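In this document, chain identifiers A, B, C and D correspond to the written order of the chains, with residue numbering beginning at 1 in each.
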């Protein structure tokens, strides 16, 4: 299958690599072209614009935020300027307002948006073990399924309106934040009372909390292993702000979201922008004098 | 093995029943004796006091709160009045201050406290599938292990100071509350945006949140199945207050605890005392106009 | 003094009226011209565009939000299209990001921005009893002072960078929200314990809390007098969102802001958009079962 | 008038001194008698027990917490052991549960409780400028009025049930905490944006927030003048816990209370027990990286 891929950060490079391994013809584009080199060495073609990458009729994008997606879609040489309009499979975590605008723009131009944001940190992306929340027109989704199979372990269909998948992703990322915050508070209380973090984690993941998200982030918190970051604090803040925007628009009070968001703000204020967002656990510890 | 059992509520009856099934000789006591009938019919002996139940050298208790434990230990005919002091295996969720007092009193009297609070709702107790967090003197723990094996699926040893197990239990119950609250907020946002609760639960438990606690409580919330209650709102409030007491004594700010506790308060204020504590999700929905 | 006035809502009409009363020549403009009638009847001239209103060299604006200000400044016939660039005295509560953009645009065009947001509800505006937080170039501020004297009781100078006054206004509005929320919580506890709201208010304003803001909002809450609204819930939400935006940009966690904001969201979700924002007190009461 | 006075801390000494100045015969008692010396030098009599101090028929107490009041009332030589039972005028900030027990015990013994907690820091006590919230039987209140006039500037009558005054005091102290927290958040945002704390305070107290509580605490925060403490962090924590206990018993969610309480916990965890409770503002600043 001919497929374009736009956005070659750590996640995008891993995902595009798995598409290549699965035998697809991949045409890649990135704002700074040097990031494409490893993929080109592995058999990918280098496109000169997002529009060119989209020439095969289907193009995936994996970018940092709304602005980056806006640039590769609406900008010069962007996907909307392609001669024939493709299916755009957007893997990025974007806001709901922007997802709706994007969906409308693609439909109007004669293409289609499939939103397919992914759950998983870089290691999961490399192992093709992502979870994919997908939504869009049924025929477009059907065409994409082989691609999803090449990059993830499971695909969930959220319906035929693309932004539903973005909403699911925002809810999921909020819940990840709530898990980090919850564990941080519990482990801080435990520590102050004499239970080491690793011991508490063993009990939790050995009993009712035996889920990947507790194991992955629990281990990071228990070992204070916040750098190198798998997902930086500013990215975490961006996501919590997108959830907050959606909650605002839908009139949903989310007090735990506010707690998580404030701890990420504090983390950036105190430790800068390079640390993993789960280091918000260090804010929780610090507030307890640890 | 000869074993006493004090406290025959829903959890206690199920647990004592499993001790009987495993072939132990069980002497039971309950404040209102009629609750003992099914167990006596199944082969248990009826003791006339907690002290008599403790005559075999080891006595388990499963009670609603600190006051109830205080009564069966320090009260007339209480465990401390037994001729020879037993190992007291306390399964109840009690406060840290009281656990320390209890531990000291048993030691002083020549007996021993093993704290062994359990994770699991009534269905898990009946199926002998509880998780047990245990702490106490190593020899006492060793004597108790066959009993733990008869009532649960796994035992975690928290150390030789009994209150450590109580602290672990409080941290765990707080985390359960944080999971209910987190899911409630996420599902409310999802609902307002068009994702049914059951759909969101399928994605969560099918991916990063594949843990018993999300499945059990997610199902309750998705089906609004808050009664009959497995764990009532006042019991939930009691536990959150015990966590809050411990957090206060150890100077640990826990903002998510405050959110959970306030929603349980609101639940009791609006819907009374009979509903399951996870109905706090209905408060979250109500605040968003659902 | 010749002065333009743009934005004739309830606040703007009252303020422009006081400028007329003080003897100034006022040229007014409003998107829907009919709102200008009472002022024209009182001696004002009707301008055909914001730019025309600005012809006298100084133009005040009092508008609902950033978008409205953007339209009258950057839009067709907007202030920036005036032949000679005036001092623009912006009385509106606008965001910090937008204030900075506005300040830059006026400077670049050869005019100047004076930010002069006001504290006070409509009754205070009518009585020329507003408090004014002003910032901008010293000479521009000096020219504006007679105008401030005509509409308010006191002017505070925040410095020569216009956005400082907008920041002060945002901080002040947040504090008003915190006062409403704080009183709502205290009065709810009092009510549940038998102290009528009016009694509590008497004690508060008769002792340590003897400030206009407690008297004004305390009276509204004590009498449940939320409509007609002096300041609607969506305006309150808009302001709390602007504070939140500033707090985000400056990395300042503000947990009380989150509480206020969530209660306003809940208010809109449950009671719609017409009610006064201080009806958030009803949310606090409702959560306690009142 | 013959009056006993029990509890000679900083507040009690100032108040008893004003009773002396007003011409009353004061019999004083304190757990450590040396603290009574300045008052004895000024004309007071030294009693050998609270009961002896109460011999004149009316006894005031000003103590740190429930336990201290319990000791001087129920303990050996306590007020309840006086030959003829007096009116006990309790000025301390105590919990609602305890106030109800105290009220019942005095009534049963043939005496009476007047609750008359005071608002004001030590400087106000010395200047006889306290505000008094009083409740109790009307005739008892009438007898006490001259005493209130000698120590305060204003008395508010909350009704004939003594604990109502204690509830009013708890609500008031919560509101003081909410003012400190609110100002801390606003001033932190201002600081980060370039408005000095003192400048913001000038605007606030010069406009809508012109109340003693903003002036007193605003000045402390603006000057970082947290020691010597007028009211230490552990006392602040005690009060917030008493409010929390009342809110729990009456099922009133109070999210701002939780924020204040958590910041005081953090303050004690990080800076110890000697600092003024308003130094919670330093926690707010610290979380923003200041």
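By our rule, a residue touches a chain if its C-beta (ideal position, glycine included) is under 8 Å from a C-beta of that chain, and two chains touch if they have at least 3 such contacts.
As the structure is a prediction and not an experimental result, all values here were calculated from the model.
Enquirer: Counting contact pairs by residue number and requiring over half to coincide, which of A-B, A-C or B-C is equivalent to A-D?
Expert: The chain pair with the recurring interface is B-C.
Enquirer: Using the touch rule from the top, work out which pair, B-D or C-D, shares more C-beta pairs.
Expert: If we tally the contacting C-beta pairs, C-D comes out ahead.
Enquirer: Taking each chain's centre as the mean of its CA atoms, how far is chain C from chain D in angstrom?
Expert: Those two chain centres are 37 Å apart.
Enquirer: Would you kindly tell me how far, in whole Å, the mean C-alpha position of chain D lies from that of chain B?
Expert: Inter-chain centre distance comes to 39 Å.
Enquirer: Which positions in chain C touch two or more other chains at once?
Expert: 247, 251-255, 259, 262, 265-266, 269, 287-289
Enquirer: Hey, which residues of chain A end up touching chain B in the complex?
Expert: So the residues of chain A touching chain B come out as 96, 119-120, 131, 133, 154, 156, 158-159, 161, 164, 167-168, 170-172, 174-176, 178-179, 181-183, 185-190, 192-195, 199-200, 202-204, 206-214, 243, 246-247, 250-257, 259, 284, 287-289.
Enquirer: Would you mind writing out the residues of chain C in touch with chain A in their complex?
Expert: 237, 241, 244, 247-248, 251-255, 258-259, 261-263, 265-266, 268-269
Enquirer: Touching residues of chain C toward chain B in the complex: what are they?
Expert: Residue positions touching the partner: 255, 262, 265-266, 269-270, 283, 286-289.
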